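In the two complexes that follow, chain A is the common piece, with chain B as its partner first and chain C second.
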Partner chain A sequence: MITSTAPLLDVRDLTVTINRDGRLVTALDKVSFFVNPGEVLGIVGESGAGKSITGAAIIDLLVPPLKRTGGTITLAGTRLDQLSPKAMRSVRGGRIGFVFQDPMTSLNPVITIGQQLCDTIQAHLKLGGSQTKKRALDWLDRVGLPNPDVQFKRFPHQLSGGMRQRVVIALALCADPVLVIADEPTTALDVSVQAHILELLRDLHRESNVSMMLITHDLGVIAKMADRVAVLYAGRVAEISPVGELFSAPKHPYTRGLIRATPMPSATGEMRLDQIPGAMPGLGAVPPGCAFNPRCFRAQGDCRATIPPLHHEKSSAFSCFHPLERVTA
Partner chain B sequence: MLNYAASRIVQTVIVLLVISFIAFLLVANIGDPLAALLSADATVNERLELIAKLGLDQPLWTRFLHFIGNMLQGDFGFSYRTQDPVANLIAERLPATVELAFVSLLITIAVGVPAGIYCGVNPNSLFGRFIMLISTAGITLPNFVVGILLIAVFSVQLGLLPSFGRGTVVDLGFWKTGLLSVSGWRAILLPAATLSTFQVAFIIRMLRTQLMEVGQSEHIRFARARGLSEARIWYVYAIKNTLLPVITMLGLQLGNIIAFSVVTENVFAWPGLGSLFLQSIQGADIPVIAIYLIFVGLVFMVINLIVELLYPLIDARVLRRQT
Partner chain C sequence: MSASDFLILNHVSKVYRRNQSLLERLKKSESGGTKAVSDVSLTVRYGETMGLVGESGCGKSTLARLVSGLMAPTSGEISFPPNASGNKPRLQMIFQDPYSSLNGRWTIEDIVAEPIRVHKLRNGRAAIRARVDELLVQVGLSAADAEKYPQEFSGGQRQRICIARALAGEPEFLILDEPTSALDVSVQAQILNLLRDLQKNLHLTSLFITHNLSVVRIMADRIGVMYLGELVEEATSEELFRKPRHPYTRLLIDAAPDMDTSDRSLHPIAGELPNPAFPPSGCRFHTRCPFAQDICRNTLPPQKATETGSMFRCHFDLDLSNASVFPPAAKVKTA
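Take a look at the complex of A and B:
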């Protein structure tokens, strides 16, 4: 299935730099991945690994001084990186929906929920006033808000965090995009609400078969939602694998470190927690060679000399000279 | 909403009472009304009679209540200087000042708001920078300098507009307006422009700062991520978030102009409240000054009240903060 269809989104060598007082610092270094139709691709990594920058770069919504300086982005045959600002606007929201992280700040506080939905729908679909409103109400219902008529007239501050995030999701999806980029969609929410929002995202994904890029630092979310996972480290792709393979047989030492640093009860019910020594290098402080080499227990001379290229295998890819072998138990 | 309105109105009344009390203390404690009202050769009996008539032998609180009661009945006392009722003095001068204030507010809104929006949306454009440069001059130049400059250019050099007075005034019975005659409009332009110089510059800077800040906010980014047009984002989604401080400032500035356009009125010999206030201070005319203070308080409070009652229409969150 993965190889038979052309990818919906194909990102190649995406490079983003930040201009710091005249010095160019690489924030995203030749990141490549693809998303198949109907697939959920998880993007995982520590804070500052470049996950959110990747999402923002795809819809050309980087906050200056961040700037896209290289690579290609292709959505269903269209080169997004070559589009005019006007054409790009119709892609945003129309072809690619974006779910923002914090529902407390991402809704306009002085405009009603209904108005925000209708404006978004009308920006992309040629519908009359009553059709637009009907669609907006329909979406409020689909994201599980009770009494859509009432919610339609309400302001964001009258809704709880979880309800607001449902509105954010409705806003991202209401113009029928083919791809949804969800940037930490549950991070700002209570744990109990997180599960509901994830469930909603999964249901909507199943109903509409929309492709999804799920950006998160939470491997639990990845395990629940993703088909494949891309692991980012210091602005580079460390590994991309189907989710089962990633958890059972990680190739990149960083991936394994990340998994082991997540609290998970083992078969005996014991909690095992290993942390990766050191910290991820900040922007502009990436060491030569593999960015992970100072923290890696397998690092050798070549790791410190050259950047390992992304090595493709059947269904996965990794950038490591000394990958972990599959543990056959 | 009703609760909100009621609590605002109660607050307004309380503040007005406090201002009235302070003004009353001024009248009660400064100056000697007897010396001002009695002739030099008055007898002791005449003196006692006047004391009783003015209620000066009563305790402070009784006199204050009396003072308030009189005001509510439209009796504001008499000027020491001209012996005229204070109410007449103020009513005579009020139209000139109010018209001046409104025309300058109009100029402020018509010039300042579009320019401010332009600077906020295009902060780095050449024209935007140019506007900011000009506005710095508007902020820093004192009113009288602007007034004199305008007179020098438009009255003296070009001879286009009059440099003093109100022009032809039409009496509507309750209000003497200069806005119904061509000469009245010609006369009001220069002083109104002088007054609005600072306001325009101020509004431009405020709108620019506000818009630049809102433009960075997450909800504007989200609006962009949903593909809304730039026009809609700026002129509806962003602007609506900046309106609260802007209308607050516009309201306060309007009050300021009505109350304290002393300097400008003087430069243009504008027969308004400002010049009345100046004359009263020079003549130590305490009753007029006191009533003027209360009047200024009233103007500010009423404008503020109107502005605050507008808040919930712009941002429903103010209602929540109440409870």
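Take a look at the complex of A and C:
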């Protein structure tokens, strides 16, 4: 699916390094992707692949010694990487909303959730007092909290995990952002609650047509939520594809390995589990050439010598010298 | 009770009492408490892997602690019928977090050798070291790793060390409490395959506890589903997924998103998990069950046995083999 409109968010060659006792180690190596208006881009990978760093780098929330050292980030024509820290503050929570993984640590425990919502709305929308409160109550209702008037005065510890995550979502969306970055929004939740939160995110996405970056390690969540998917491995983009194509015909051996390693019943109800040998290289231990080559069954000499560039096709892109053929079985 | 029974749980309950105030103690009032495990009866047979699934707070980890003897049940009894040699079976446990369950000041050799020393399974330094090397190779590490410390290993490798330590005690019974929940997908697959091979080769009987239905489906012969401290259904792995009898099982199976991109519907379970300290009356699932009737609100459903030897706890005999039997879930605003 090619849209003629310009992408809302365009990230090019984003590089993040970590300073380890004077030695610079690359955590994110020239990551490029874009998000179209109204689209859900899934970002998937295992821990240490750089998914969360990507999200944090976009809104300039990297914690030292992590530092952005290269690349451009463009949000609807504005170069975010060139904004002053002060200007960036108004983007964060204003034009870009952020949903964090752990709802307990991302809410302030000593301030009522109503006050936290009002603070956010006031900081970004410049509304009057009564209008601010009305909007906050509206949002509590929209994210599915019963009796918003009562909930408004409650503290985070008085809510269950699922309810807290609903409040975090309200906080991310209450200032009418153009982009929401959700970093593992359901990982800390139980399965039955996870489905609720995903459904809520989907409903809100449909209503407001906000663009979304959904960062997760769960391929099931990706399959249900994303329009396009970027697979990260060891700080590099392995593959970007529309979601249907990614699952039916993955190009990168790592993508297929990841799909096959996820325990899922096949259509016949049979369980298959194919492991990928080895483990993802740690920071600073990325092998030369393709980062996946020591674990890859298709690796050859060129994979060990040069880093494969991102090869663009019609709707997808992958970085592999020996991509998997489209299976026609 | 038949000769093949390995572990029998008979109406086991565990109540976590809260601390009473002085006044309450003086008045000798009956203190309330959270019934973490309530009236669970279960039999594990020789050589079988019994899976336990449920959401957080359903009591599955408490049950593991009860079975391992780390805690005593408040009521009911847990027994291991004596085997042919008349001895109690040796038991080992593998925990969820491989970072906190290994002592960072001990070398891998010390860690793996400890159960061997405690149970006096080998005599002499050389024999113990040889056994440690053998175990490390068995779980996919190398003998040279024995000199290292846990910090030098990744999460998956640490879990392998935990498995080696558990096997060092030459257990007949293994309790696995969420052994792969802290691991990445590709590493999880490695560990699950390793555990599957070990169980096959060593003829272990085990209790496998997880919240992930797909994982338990791969690993277990029989599966028990827990909800708020109760065992609501128990059946063979194949039967549980083909024809679940309890509405909660059906909903739990559907709630986990699969990788089918053509059908992108989500199936949340209405409502939220009630506070385990104050479980609903009658059937504990009635607040979230799409089939709930008046009887469910008042009367505790009996344990019903089926002709195939499985058990479920529901007033009705529902045919839930197909996901589409459910009335379309109304958009319930949850409390």
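The criterion applied here is as follows: the second predicted complex is superposed on the first by the 327 of 329 C-alpha atoms of A that agree within 3 Å, B and C clash if a C-alpha of one lies under 4 Å from a C-alpha of the other, contacts with A are read in each partner's own complex, and residues count from 1 in each chain.
The rule we apply is simple: a contact is a pair of C-beta atoms (placed from the backbone, for glycine too) under 8 Å apart; a residue touches a chain by one contact, two chains touch by 3 or more.
Since the structure is predicted, the reported quantities are computational estimates derived from the model, not experimental observations.
Asks: Let's test your reading of the overlay: on chain A, do chain B and chain C clash or fit side by side?
Replies: Fit - chain B and chain C, as placed by superposing on chain A, sit side by side.
Asks: After the superposition on A, what does A:L171 contact: first (chain B), second (chain C), both or neither?
Replies: first
Asks: Kindly classify A:P185 by the partners it touches after superposition: chain B alone (first), chain C alone (second), both, or neither?
Replies: It touches nothing on chain B or chain C.
Asks: Looking at A:K224, would you say it contacts chain B, chain C, both, or neither? Reply first, second, both or neither.
Replies: second
Asks: In the superposed arrangement, does A:F100 touch chain B (first), chain C (second), both or neither?
Replies: Touch status of A:F100: first partner only.
Asks: Is A:P323 in contact with chain B, with chain C, with both, or with neither (first, second, both, neither)?
Replies: The answer is neither, since A:P323 touches no partner chain.
Asks: Have a look and say if chain B or chain C is in touch with more residues of chain A.
Replies: C
Asks: Of the two partner chains, chain B (first) and chain C (second), which one does A:V91 touch, if any: first, second, both, or neither?
Replies: First partner only.
Asks: Who does A:L198 touch here: chain B (first), chain C (second), both, or neither?
Replies: Only chain C is touched by A:L198; chain B is not.
Asks: Which partner does A:G244 reach: the first (chain B), the second (chain C), both, or neither?
Replies: second
Asks: Just to confirm the value: shortest Cα separation between chain B and chain C in the superposed three-chain model, in whole Å.
Replies: 9
Asks: For chain A, give the residues common to its interface with chain B and its interface with chain C.
Replies: No residue of chain A touches both chain B and chain C.
Asks: Please output the residues of chain C touching chain A within their complex, sorted ascending.
Replies: So the residues of chain C in touch with chain A come to 55-56, 154, 156-157, 184-190, 192-193, 211-215, 217-218, 241-242, 251-252, 255-262, 264, 266-269, 272-273, 333-335.
Asks: What residues on chain A touch chain B, complex-wise?
Replies: Touching chain B from chain A are residues 59, 61, 63, 89-94, 97-98, 100, 102, 105-111, 116, 119-120, 123-124, 155, 157-158, 168, 171-172, 175.
Asks: Which residues of chain B touch chain A in their complex?
Replies: It comes out as residues 217-229, 232, 236-237, 240-241, 314-317, 320.
Asks: Enumerate the contact residues on chain A facing chain C in the complex.
Replies: Contact set of chain A toward chain C: 46-47, 144-146, 160, 162-163, 190-196, 198-199, 202, 217-221, 223-225, 243-244, 247-248, 257-259, 261-265, 269, 271, 273-277, 279-280, 282.
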